[in-house]
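Per-chain numbering from 1; labels A, B, C, D and E assigned in written order.
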Amino acid sequence: ACGGDDSGTPSGSGASGDNSAAGKVGIILPDTKSSQRWGTDDPKFLKAAFDAAGVQVEIQNAQGDKTQFQTIADGMISSGVSVLMIVNLDSGTGKAVLEKAKKAGIATIDYDRLTLSGGADYYVSFDNVKVGQLQGEGLVKCLEDKKYQKPVVAELNGSPTDNNATLFAQGYDSVLDPKYADGTFQKGPNQDVPDWDNAQAGTIFEQMLTSNKNIKGVLAANDGLGNAAISVLKKNKLNGQVPVTGQDATVQGLQNILAGDQCMTVYKAIKKEADAASELAIALAKKQKPTTATGTTKDPESGKDVPSVLLDPQSITKENVKDVIADGFVTKDAVCTADFAKACTEAGIS
Amino acid sequence: MTTTTTTTAGGVKVVKPTVASYINDYWARVRGGDLGTLPAILGLIVLSLIFGIARDTFFSGLNFANLFNQSAQVVFIAMGLIFVLLLGEIDLSAGFASGVCGAVVAILLTNHGWDWYTAIPVALVTGIVIGFVLGFLVAKLGIPSFVVTLAAFLAFQGVLLVLLGGGTNISTRNEFFNALNNNNLSVTWSWLLAILAVVGYAAVQFNQMRSRAKRGLVTDPLGIVLLRIGGLAVLLLVATAILCQERAINPAINSLKGVPIVVPIIGFFLVLWTFVLGRTSYGRHVYAVGGNTEAARRAGIPVDRIRISVFVIGSFMAAIGGIMAVSRASSVDPNTGGSNILLYSVGAAVIGGTSLFGGKGKVINAVIGGAVIAVIDNGMTLMGFNSGTKFIVTGLILLVAASVDALARRRAAATGNR
Amino acid sequence: MTTTTTTTAGGVKVVKPTVASYINDYWARVRGGDLGTLPAILGLIVLSLIFGIARDTFFSGLNFANLFNQSAQVVFIAMGLIFVLLLGEIDLSAGFASGVCGAVVAILLTNHGWDWYTAIPVALVTGIVIGFVLGFLVAKLGIPSFVVTLAAFLAFQGVLLVLLGGGTNISTRNEFFNALNNNNLSVTWSWLLAILAVVGYAAVQFNQMRSRAKRGLVTDPLGIVLLRIGGLAVLLLVATAILCQERAINPAINSLKGVPIVVPIIGFFLVLWTFVLGRTSYGRHVYAVGGNTEAARRAGIPVDRIRISVFVIGSFMAAIGGIMAVSRASSVDPNTGGSNILLYSVGAAVIGGTSLFGGKGKVINAVIGGAVIAVIDNGMTLMGFNSGTKFIVTGLILLVAASVDALARRRAAATGNR
Amino acid sequence: MAATPLLELSGINKGFGPVQVLHDVGLSVYPGEVTALVGDNGAGKSTLVKCISGIYQIDSGTVTFEGNQVAIHSPSDASGLGIEVVYQDLALCDNLDVVQNMFLGREKKRGIVLDEPTMEQMAGDALASLSVRTLKSLRQLVASLSGGQRQTVAIAKAVLWNSKIVILDEPTAALGVAQTAQVLELVRRLADNGLGVVLISHNMNDVFAVSDRIAALYLGRMAAQVKTTDVTHSQVVELITGGRSGNIGLPPEKPAADFGGDVVDITPGGDK
Amino acid sequence: MAATPLLELSGINKGFGPVQVLHDVGLSVYPGEVTALVGDNGAGKSTLVKCISGIYQIDSGTVTFEGNQVAIHSPSDASGLGIEVVYQDLALCDNLDVVQNMFLGREKKRGIVLDEPTMEQMAGDALASLSVRTLKSLRQLVASLSGGQRQTVAIAKAVLWNSKIVILDEPTAALGVAQTAQVLELVRRLADNGLGVVLISHNMNDVFAVSDRIAALYLGRMAAQVKTTDVTHSQVVELITGGRSGNIGLPPEKPAADFGGDVVDITPGGDK
């Protein structure tokens, strides 16, 4: 229903009575530190989708501050949005915000992160446990390729305060634990990185390496953490020999893959996620019943089924870096700088 | 100037001020740079106007009410910090202390099924114990408070993580508790409390006048006293009137009016601590130790005990701040009390006019400074800038608010007043 | 005590100390509580022993070398902060200022393809400009530095985000640049520099002795001077020897030895700023303004200019810190200079013995305090606790390190010395 | 008069790190008498006072108060015994006003509430009795007072209380002619009321005008304690500047012997 | 002597907020002469000095130096003109040592490096000339100095330089007998070398011993400026305490008329 014909600009007053009836949509993103996506990709794709539909949107970022998060929600509610879409910082504040919105008669969407017991009307995301699984499988593959005997694997987990980090760990541990158990791999040091802080990740990994010189593989929860580990490996001239994982398909991560320093990253097609979410929101803003949320997600806390759009994350290695570029997520110019021109050609990026 | 001359018991000639001479003197003091909280209030008005012009929702009743809930945590923590700052000390751990106390209350309510009237006291006691330990380390071992509270800042972050079992968050579902920093008083109660406040203030003012007059001491002119009482009355009653309007987005679904419950709580502590600082010998001693520790010691003031006590008050108020934060979010997570909470709280105190070097400050500073910070935060989120720009503009606006203050005070330096 | 009495030009009798009387006096001073950096060094040793016992890798050459790279950012920022703190001011924005300057260098290197010798100067100039603006606002407008730099703390976070296009990480791939805080000097250069440092120190000491003796002023006994030089020599040469051992994880693949490049850079700035503070009139004026601003003003010292200058030095050193952080991570992200960097840097200065109230502190404090913080961080991550525990234990260990200091200094209070 | 001393110090030693300031000092303060403590700049007078009032801890020596040996560890111990001190470095809180400073640590209260009117009135009376005429307001911060006004506040503060001993360290140094006269009169009046008064002063006229006894410190040693009527103006000056005068004062060899040890090392370590 | 004044003030007004401290004050300082500035506590002497030295900005009035009207906005302006001041509130940096304080703002250097040996030697000489005998070390922090030692350091600091006018605000207040004599001698010597000297003191003996002229401030007004030889001890005391003496001083009606306006409001606003 809300497909192709909405792509015009909302210029004339009566041009699309459809649009003028549409309320405003408010979107709250969590921070700019856990991943670059919240500062760059998501706002860009979301904005584009709403602009295309001619629906008013306000996107704000809570800068990792849950007080801010609530304040932004208050502001959006009092400025009269008709749909509120959030990426929670934690389920608690997320829930408080969702409840306040519902009391004011506003439709709600959980974007990327499910608010436990939040009771949002819809949920759009990638399967985060799946992300972790892909990371685990990627690492296993790279280590097998290197033919290491009983390699020691270090784990650099995400922020202890980020629920997604917990889900990622669930995913990769579900792959790695059996390997530890059967003795193919050896469990090495395992630490959380507060705030996903890359600098701290560097020190943490350096110390892991100092105390356990046999580390042969690093499960880093995202590209930033991965790059921190790679810097330390480089310093010890071990880069390339110790596979490192990542997530988010950042330019940095893709380049590290092309350079052979990083084993894989997980590409979450953020544009698709953003499009799916905006489609839902636009329908709600126009007081229509969305039809795209075909799946459901069971809220593990409340036990309720939330109507959902769940997208599949994709594992990226040197072979399919080109897919990310083809998808328009990153540009060739950004990835294939002078240093990487050769590697790009080798990887079939033209 | 026409003045009446009376005589005090000391046999020294004194001049009884008239309303005119009083205002003249006040004006001369202001011109001479003795400004009190005036510049911060000025800054607040300027900010509000800017935001009000930029976004009309800023002046809506709903937004006005939200401001109180939004600022509560920072205001409570800042009130406690005023005591710590008055001694020239710092408490970097106040933010996470509020988180820890908030976690305690949430755990007791949710995981252990306690009721609010048992859970809240335990959280407050936790705050007191924390403050005692910090104060003890500073006063008795002589470790600089920056270091002690930096260590506590780290440790409490860990305690919070451990309490929350490594990163989950805990929701509170206790109706009363969640209402504290979310719901409103009934309209009747709102008016009742406002009127009570005005009457109480008037009583105190008149009583004071009477007791000075009885001793033959100079009193403020009656006109000025009436002006003060009238001023407060207008302020409180107008605010109450606004807050008692319907402000629900969708009044059909649920009605929203009345003064937020947190307002009288803020008012209570404002009056309490203002009384303690201004009217008790304990408060006097806090100022003395902050102004000149050696002089205080020579005057026989138990400096160490005072030092410990301010940390206790600081952490106690942090506990209340934490309770309010948890109530507002109906949940606690490992970042409760983290982020910018601490810097904002110290900033609130400083912007309100409290000195980091001790000896200068009032509890009202926390409220006014907290309001400045909350207005900036609130207004900025209404503007809807993107992340980077928002940080930058917030910083700049904070600077503008502070410059109003600084420029006003520059005259002070020029005329030799401090 | 056997002492020789000589006479100065002023006609006042003076006592020329012998080695024995010098040591006696020193000991009396220490017993009297005049401890300098002694307690911090003591704390450092205690910490190292604890970690060394808990994890044997702590004392490995590799870990020793890592310590320098890990602490570099905090040490550089802390060195600059010492100047700011000496004036009783604070710079909350130093962390993110270092991030901004780091981003500038990374953008120029990576996005614009500049070379390090053009990119680094631009980053340094950025630091200087930042410091100038901060200092100007504090000195000329009279806004408290806490507020100015809190505003800057927010604004620079935004600038960093904007520079990084909303939050992308930028990798640096310039060999030389990345080597700065990752690679090591060759063994030859390592020894050369160590020997140079010892010889230089000896020259300065002897020169000073000579110039005092020439004027008939009392000089330190030759034995003491030799002892000092010898002490430094042993320290530097032993450290160099350790760092020139092979420490590669896999020596077969690649060799890893030599003093980390960042060490002579730290050394350079340590000497430079120690010289500036101790031997130039500018440094003298910094102490004077920090000790008693009014007295400094009366002595004709341009207080405002001094105030601006310390912020310039502060942000300049923050820029260097940022460069080192980016070099170490070979990458910059929106959190570079964020998290605990600022608190750790101020903490380093304070733990080293610098006062937050101004007038007291030395550049070496930054290095020693930075070492304490780095050792704690380094040791704690070696231990591999989980997050919550790690925070708690880090806090406690910091407290232990500070207590050693505080307890040692308590005698000072007892004997009436400050 | 002068039966048993109210306060008796003996063998007091006090040093700061390597610097020994007081050597074996003894001093007796009698009730009803003014004891003038004199000595050159840096002789150790203020240090001695601070040892008595508990600001400094003595290294060794005994303090006897009303016949009992006491240990004074803090200023509140001293005021507990009834010892009031006006310090040379006045130690007022610049951020408090005149009334607040005068009652610091001993505020008047009604219930738990400060009784400001009473304090204001008492402060006004006390200051008026000390000839303070230029004070603009009792609610003025002491930061804005003139040197003499500060001094008067400090003196008024110390004599407001019922104490047994009042020690005044150069109380008239900053005072005008009239105010000085008032303070000297006050000092005499206190002694006449039976208190023990210790007056430190460099002004020999004042010393001879009000004191009953004179104690002279010389380079940290008690050179002599004599009745004022037994000595002349110039003898006291000799005691101050040389440590002895005729047959009173330190034995002639004493100062010389100790000289090499710890005095006048005017340029020791230098700067490193 | 006394052809044209070196420094001439006229019509100086200075207030702090609602408090008017100086009213229309005039003062002339002549080269080669010691001008004693006297007045009761709180009369405004120190305030006047701080107006001259640029610590306070005057509200109105003119300052003429060597015949030219000047505006002094800061202490460095004043020292640029050659005006040195010893303040009553001494303003030393407690965290610096004696030598460092004495050369503060005017350090001796070789190249850019501080010339410590030279400064130490010069400081030692200057202090020795002021009879300082108890100082333990020139490298002692001034925080640990006795009251008199601090005062001496401040005086020595001000007279180290080649200046045209030296103003001393109660320089001998804390000094011992010998040190006071030295300072008075120094004051006389400075004047004899052609400098203009302003000496503030409450000690009439000292005033009459060294001064050539006396200027008396009364409640912020200049009551009289007279030659020392033209007045008696008791006349000066009358000027100080009453603002007039016989036919010199303020006109009799003047003080009364202005009295109601701004004086002795000893308990105005009270505490709110």
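To be clear about the criterion, a residue touches a chain if its C-beta (ideal position, glycine included) is under 8 Å from a C-beta of that chain, and two chains touch if they have at least 3 such contacts.
If you want to know which protein each chain is, UniProt gives these names: B, C = Xylose transport system permease protein XylH; D, E = D-xylose transport system ATP-binding protein.
None of these values were measured; they are calculated from a predicted model.
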Quiz item: Any idea whether A-B or C-D has more C-beta pairs in contact?
Solution: A-B
Practice problem: Find the geometric centre of each of chain D and chain E from their Cα atoms only, then give the gap between the two centres in Å, rounded to an integer. | Solution: 27
Quiz item: Approximately how many whole Å separate the CA-defined centres of chain C and chain E?
Solution: 44
Self-check item: Cα-centroid distance, chain B relative to chain C, in whole angstrom
Solution: 37
Practice problem: For chain D, write out the residues touching at least two other chains, lowest number first. | Solution: 16, 55, 116, 120, 124, 144, 263-271
Quiz item: For chain A, what residues touch not just one other chain but two or more?
Solution: 32, 39, 43, 63, 160
Quiz prompt | Multi-partner residues of chain B (at least 2 other chains) | solution = 8, 10, 12, 161, 166-167, 212, 217, 340, 386-388, 390-391, 417
Quiz item: According to the definition of touch, which chains form touching pairs?
Solution: A-B, A-C, B-C, B-D, B-E, C-D, C-E, D-E
Practice problem: Write out the stretch or stretches of chain C touching chain D in their complex. | Solution: 1, 3, 5, 8, 10, 12-15, 17, 22, 24-25, 28-29, 31-34, 212, 217-220, 278, 414-417
Practice problem: Over in the complex, which chain A residues touch chain C? Could you list them? | Solution: 32-33, 35-40, 43, 63, 160, 189-192, 194-200, 202-204, 206-211, 213, 223-224, 227-228, 230-231, 234-238, 241, 250-252, 255-256, 337-339
Quiz item: What part of chain C is in contact with chain A in the complex they form?
Solution: 55, 57, 60, 62-63, 66, 69-70, 73, 110, 113, 157, 161, 164-171, 173, 178, 182-183, 248-250, 253-254, 256, 325, 328-331, 333-336, 338-339, 341, 377-378, 381-382, 384, 386-388, 390
Self-check item: Complex contact set, residues of chain A against chain B
Solution: 32, 39, 43, 58-61, 63-68, 70-72, 74-75, 77-80, 89-93, 95-96, 99-100, 103-106, 117, 160-163, 165-166
Practice problem: Under the touch definition given earlier, write down the residues of chain D that touch chain B in their complex. | Solution: 53, 55, 74-76, 79, 85, 87, 91-96, 100, 104-107, 109, 112-114, 116-118, 120-121, 124-125, 127-128, 143-144
